[in-house]
Each structure stands twice: as C-alpha cells, then as structure tokens.
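Chain naming follows the written order as A, B and C, and within any one chain the residues start at number 1.
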C-alpha cells in the first residue's frame, strides 16, 4: 500500500507540469488585454509600464520557466487584476470557503442519500421505493441552477423562514447552498445504494444468513451495508468532479466568495496568473481526491488490492 | 425623524481590484476610497462645480495652480495631512514601477508624461522624476505646474487618482498596505472590514476633521456581483441599497416600485463608424435612421435619455450645443433622401458588438432600421476582452461599425471631445480632421468658460451637427439604476460620475 | 425490424462456416443477437417509455422550428411575455419571440452538442483504448500511466479556457471544450473490453490463421464492444448536457442569437420573480433529456448483457 501511495504521489509532478504547460499555452493563445477593463484604451506608456511590471514583455519561455519555478516554491505569482493581492492570498481566502461548501454538500448527500437508498432497497417495489426513487431521479436530472433558484425563492424570499438569500457568513446562510450543491450527489448516492443493496440482498450468503434465522437488521447491518458502501466510495471520485463543477454555479447564485466563482471571472478578465494558479489547484484537488478514493477502495475491497501492480 | 440605529446595509457591485488610489480603476474602488479618504476638492451635488474639501482654497495663475490645505486634516495613525503627502502620492502614481492605470490623468502637469513613459531598465528615471511640476513650498501649500492653462483641472482633482496615501503605511507594508489592519486613511469613515469578495464594512471615524457633521455610524457592505442575487437580497429586506444594479430584463417589473431610483450619468452609448469604409452621406443617413426612443423604451429600459449629441447631457456648457440635427426618434425620410444621393454607398456592413446582455438586442433593432435604408448588416458578436482587442488601436479594417460607450472621467466636455482627435487612442473610427483637432486645441487654451463652451459646441457640431462628419452615432446617455429603501432614499444620491458620498447619508424612521 | 442485405449475407456466412455456434464474441450474428436484445429491451417498461419520450423530444426539436409560423429571432415588443395559449404553447419571452420555437431550437443546440461531444469522447476513447488494449505490453502500460496523469486535468476549468480561445463560441467550439478533458473514462472502458475479449478462442484462432490486426480489431473486437459503447454513450450524455448547460448559464456558452437550454435558463433566471416559466421550461427540458438518457442506458445495459441485470 505504501509503495502504491508513494508511486502515485511521485506521478503528481509530471501531471502538474503537464497541467501548467497546457494552461500556460492556452492562456497565451487567448486574445485580450488583462489591463483593459473598460471601453477606454490603455495609453501606450501605461501599457508598457504594466507589461514590464508583470514580466509580460519577456519571451514566453522565460515566463514559463519563471512560473514553473514559482509553482514549485509554492509562489503562484501576483494577480494581474487584483493589484494588491497575490494568487496565494486569493487561494488562502477563497479556497477554505469552497472546501467548506463542498464538505457540507457531501455531508448532506450522504446523510440524505444513503438512508433514502436503503429505504428504497428494503421496501423494493413498494410505494416508498417509488417515492424515494422519484425524489432521487428528480434530484439527478434537474440542473442545480433551478434547484438553487427554487430554494432561494421559497425559503428565503417567499416564506419567512429567516434564511438569507445569499452570502456565506452565519450558519444559516450555509444551509441552502449546501443543499443546492448536494442535491445531485444525494440523488446519485440514493440510486447507487439502492442498486447495490438490492444486489447484495440477493446474494447467496445473505439468503443463507436469513435462512439460519439471523434477524433482518443484523443481516443488513453486517453484510449488506458494508458491501454496499464500496460502490459509494468509488462514486465519490466522479462526484468530486460534479461538486467542483456545480460549485461554479452555486457560488455565483449565492454570492459565495469561493474559488469557483472567482475562476470564471478571472478567465473573462484575462488574469493569467490567477487562472493558471487556480487550474493547478483544481488539478491537485482532483489528483488528491482520486488518490484518497483509490486508497479507500483498496481498504474496503480486498479483491482490488492484488490488482494494483 | 432620524433612526436610532444609523447603520446602512448595502450591496457593492464588485470586489474592488485595489484600494490603492494609484491603482483603483473601477467604481467600487473609487466609491470606497472617496468615503475613507479626504480629497482636495469634492463636486457640488447639484452644480458639479468643485467645492473645497481638504483644500480650503486655491489660486489659479496662468498654468500654475496652488492649493491651500486645511490644517486640521489627520491620518488615522495620528499624522497630520500635509502637502508633502500629496507630492509623495502623486509622484508615486506617476512612477513607471507602479503601473498605475490612471497615470494619464496627471499628464496635464509638466514633466508628468515624460516621467511616466520612462523605462527604468533603460534609463535613470529619477532625473525625470525631479522634473515633474509638483511641489510643496510649505507644509500646507501644494503647487502644481501645468503644461498649459487647463480650466477643468480643479474639477479633475476630485477624481480618486488624486487622493493622497500615507507614506509610512506604504513603506512599511508594501503591496499589502491596503489590508484592513494596515491601511491608514484620512476620511470620514474607516475601513473596518474587508473580507475579499464577500464584505466591505466602513465605520465612522471620530477623528475626522468634520466628524460632527457625519450622521451615519456604520456601513455594512456585501459584495454581490450578480444582479438577480442583489434584487432578491433587496426583496428579502437584507440590504437597504442595491448598487449592483438590476438585470435589464427585470427592469419593467421593478421600475414601478417606490424603491426604484434612477440617476443621470455622464456617459454616452454610441455606435462608431469607420469613416474610411463608409461615405459621409451614408453615415448621416445611418445616424438619422435610428429610433433611439424605441431602443430605450423596449430594450435598455432603464430610463436612459436619447442622445442627440456625443457630449453627454449634464456637462457644463451643454446648453450651448444646438442638438438640432439628431432626434430621439428616427427620420426615415431624410435618411433615405441622403442615401439616395450617395452613389458609392456601402450596402453590406459588419457591425461588431460584445456579448454582454442588451448589446445584441440593440444591434438587432439597429440592423432592422438600417435594413429599411437598404443596407444589409451582419452582426458579429464577441466576448468583451477579445472585442476590445479586435477593435484596436490601431483601428481594424474589417470593422465598419462597432458599439462602445464613453464614460467621462471628469466633468468637462474636453474629456469627450478629445476622443475624436487624430492622435486619440480611443478613436476607433479612423477619423482625422485637422480642423476638428484645431478647434479642440483652441478650446484647451481658452480660459473663459463661456468662450470655451461655445468652442465645445462648435466641435460637437462638427461631429453630430447638420454638417457633421459622424464618426460616431450617439444612441443614449447612460443612467445609473439602484434600489433604495425608504429609510435612506432621500439622502442617498449618486452623482454624474457614479460617486456617492456616505458622509451625507442619514437613516430615517420609515 | 429492418434486416439489410449485408446482414443477411453475413448471417448466411456465419451459419454455414461456423456451424451456427453461439460463442460470446463470435463474429456478429447481427440479426439474432440484436433481436434478442431488442426483445429484452422491450420487456423493460421504464426503458421503453424513456425511449419513447426521448424520440418525442427529438421529433419536437427537429420539427417544431420547421413547422412553426414564427421567426425565432424577430423582435416584437407588443407580444412580450404572452401567457401559454394555443398560439403560443409555451408563451413568449421579453422580446416577443415564441418560446415553443426557441426552446426547440435551443434543444437542437443542446442535444446536438451533447451527442456530438459524447460521440467525440467515445471516438477518442476507442482510438486510445483499442490501441492500448490490443497492443498490450509496455505500450499499454505506458499509455495507461499517461492516462492516469491526464486524469488530473480538471474538466470544467479546461472547458472554460477553451471557450475563450476562439473569437466566437460556436457549436464546434463547445464540442471541443466539452471533449478535451472528458474522454479518459471512455478510453479505460474500451481498453478493458478489448483486453477481456482479446483472449477469446476465436480471436486466437483468427490470429493463428494469420488474420491481420485490423481485421481482428475491426471484425471481431470492436463490433463486440458496440453494446458497451452504446450504453456508455447514453450514460455520458447527461454529464455532457449538464456541462454545456452550466457553461451557458455562466455566460461562457454558445454565442447569441443561437440559444441553448442553458442560456435560455440564464435569461430566465433574470426574470424568474415575475415570469417563472422562463427558467422552468429549459430546466424541465434538460431534466427530461437526462432522465430519458439514463433509463435508456439502464435498459440497454440490461438488454445487451443480461448478466448485469438488477433484480
């Protein structure tokens, strides 16, 4: 296991270099002046001053080399648009927010989705199953911007429940965005848990246990649950991607100061260093996330451990 | 009746890119800065004439302007505000190393442009720095040498870029000096909280020279960039003022409410025409064919004003401008007649707009109008940054017509008119008329306001009058749209330059 | 069920040459295998309903704009925000444009991009996966390591950057943006299939008689992955559709006047307090498509490989 982990960690270096290279080349291709934000043109002398300040007047390979050096010394450079902040500052202030949002969304997804799936599996083909799956299917198919809009409309504007319409400060402002972001993963988990539980319940050893007279709850608890959680662990990988993607929308709609909302605006504003820095950050998140999932999977399912060579 | 709790909660429209006066370029930055710092002059809310603020008086002697500062200006760290602060700050803004976007505002001073254009890698810029015409003969006197008499200079100084910074804070903290714990200010409010991208709160500073006149104790500002989110927030009663704006599509619903407020702005939304591609009479015809009122009523919907000249309404001297050629509605008859007289009219036109909401719809309306003249218009839409790069400078040959807006930096028409001079970097129409340039130069050196306004009117006439050259077709003059709760509606105001002065806001019981 | 002449010929060939044996992975006895699959699919009620609804949607987006008397781009403010009626089955928008027509046109873009991107993803996946799986050995190892590395590329950020690379965002730009960092799973799936099929007897036999690699790949291996790939396409489709909707919603999607469901939803959100249908209609359309795709995928998976059937 340790060699596996070390191997994977070593692989992150070439991956990051690849990500930096791709992003750098792509950003160079995008036309647009990061220093021109309004219809008004930038006078030539000022443009020269700015290019000089941010080393944009140097040849691209020099810029690239400097940038790579910076990344490996954990300095992601200054922001071209937010003049008094560096990319590190931006990450420090925005990333914890997105992380918290993602964590709460996942929490909601598991707390709401797993029991829903279990309920559906245990009462398969009865009314509660159909209702549960209805909720799951709706959550799966309806885009999160609609979910978010409806939540805000009903809980924050129309019914005076006292929940704020936007922001991320008090604990009550964190409820609606977490639900909105976690709705899709919840549905995914519910379906998945139902499916795998049903499959496991059919397995011979479960039938044997039942035949032996073990009480249903024990049967479920011991064997079925653990085996059903394996696919949930594997699903966490792609769901991480879904949560990252969804956060862009949720953060914009709820005015949450996270990196998702920031990423979109930095690309439009041509803030090269922020865009590259955040892309690298995302890549690291995805790599770490995949690694964690693979490790979990290795623990949960001994069969796969041998397959790892 | 004044409310017991003098707290204002509002929405800021964006995260300020910087709270350094030398680097602040957008409206959120300038509005925060104008309330936490003490400018030399402010603009009178009604007449827009400069009124004393930190400068209690000033003398204009030809091309030399001398400001006499009050003696009771203070920084939050206890230092007195002196003329040297301004010398330091203005030279810093002009320094090539800082890369200040608004350095060009200072080019009217002697030696300023030369210093700003210096390349520190190739020359020693300090010699040029010492030649800039800014000095402090004594602690409270600030002397400025201009390149020529510029009657609008005093008004210009009300702009954010002319604010002073405290050199101790800057030297100690470097680029971080604007963070809440580090920043040193000298205005009616202090920067209490700045959670990046989330919140900017201001608190009244009792050490300000006129603190007793300030009623508001605290301003809690949430940064909300999305219009719909801001509207929802206001509807839920979470904020008292929404300066983020209202999505154009939602305007019809909200306009009818008491909380809707609309302020004229010093800016013109226009279509530019490439004078090298489109002949003169055709340009006049195209200008006459547009129904401005319909565009405003149906598409823009924010009570904008139909623009019959490029110079914006509200500019001093606007009354001199004849405004007798372009009308709020279209004059198809005249337009068609003009086009009939043009044998070499261009029948296929490329119109470039950027893809923000509203621009395409206006383009479609204009396309329909020009179609009636027999001109086929292809609308090309681009993302904003690319659009700006595509337009130039230098002007792009492929562009026949394009959409842009011009917002005034200060309240004088020279700011608008000089856009169309031959050397202007903002002239995307390939327009170069030596007579026009001569008029603008003449205006620059005319001190007497009344005389100057007459020259401005002549210049405007050359652009959009009956014999105008029409490198530009004005469409409407901008407005600023807000939502304001009854408790602050009367005292919260936005002036022509999109500035609001929180020291005059009072929360009343409603 | 349409049986084309080539299929008949093939069937003859197979039945006479191989004695009609039914090995898993034998050269396609297309009529027989597909017909079985079809029967199994038909038995799955949910899948059939989903298939029908999906076809209905496709018919709507293809034909509604052709048959509609309205110009979807014409601006007529007197007709703004008309309620749902017989002449405007979904009402009108703020410019007086008929929403029934515009939603159909938006559907063309959304579904078109969805399928094009998914097929592109699958295509690249087939290319990469079959080379890696078929050749095996060190090349396979190297290619899989590289793929593992590529997994680190975050999909949406890259998609966003790609949309900014081009002067205008049109249909194909969106397809590229959505494909560029999404094909990795497809490659893995294809490789897995190829590897498991490679060891079958008939493949070894084919090799023994000297069949060229392209024949083996083209005749035996790839057609047998077809089933899995079709299921994969319908499973990937929802993700791609949502990706396109999200990009459009944040304003980075296809350029107006072309609308997709995502950009219609964004327009709708601005006025949802006064006119909620404007955001509901495109969202429901997206949900419709996603649900259909999912149930179809479920049904296809059960139909084509009964071993994985759920109880």
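FYI, a residue touches a chain if its C-beta (ideal position, glycine included) is under 8 Å from a C-beta of that chain, and two chains touch if they have at least 3 such contacts.
Keep in mind it's a predicted model, so treat the numbers as computed, not measured.
Centrality by Cα centroid goes to chain A.
Ranked by separation of Cα centres from chain A, the top chain is B.
Computed from the mean C-alpha positions, the centre of chain B lies at a distance of 49 Å from the centre of chain C.
Inter-chain spacing, taken between the CA centroids of chain A and chain B, is 40 Å.
Inter-chain centre distance (chain A to chain C, centres taken as mean C-alpha positions): 24 Å. Counting partner chains per residue, chain B has residues 228, 232, 235, 383, 386, 390 touching two or more of them. For chain A, the set of residues touching two or more other chains reads 30-32, 153, 157, 252, 268. Multi-chain contact residues of chain C, defined as those touching 2 or more other chains: 164, 167, 269, 272-273. Taken together, the chain C residues at the contact with chain B in this complex read 73, 75, 77, 94-95, 164, 167-169, 251, 255-257, 267, 269-274.
By the touch rule above, chain C contacts chain A in their complex via residues 145, 148-158, 160-162, 164-165, 167, 238, 242-243, 245-246, 249-250, 252, 262, 265-266, 269, 272-273, 279-280, 283, 286-288, 290-291, 294, 310-311.
Chain contact summary for the complex, chain B toward chain A: residues 15, 17-20, 23, 25-26, 96-101, 103-104, 113, 116-117, 119-121, 175-179, 195-199, 222-226, 228-229, 232-233, 235-236, 238, 383-386, 388-390, 393, 404-407, 425-426.
Per the touch definition, chain A reaches chain C in the complex via residues 11-12, 14-16, 18-19, 22-23, 26-27, 29-32, 137-138, 140-143, 145-146, 149, 153, 157, 195, 198-199, 202, 241, 244-246, 248-249, 252, 263-264, 267-268, 275, 278-279, 282-283, 285-287, 290. Contact residues of chain A toward chain B in the complex are 30-46, 48-50, 52-54, 78, 81-86, 89-90, 93-94, 152-153, 156-157, 164-169, 252-255, 257, 261-262, 265, 268-270.
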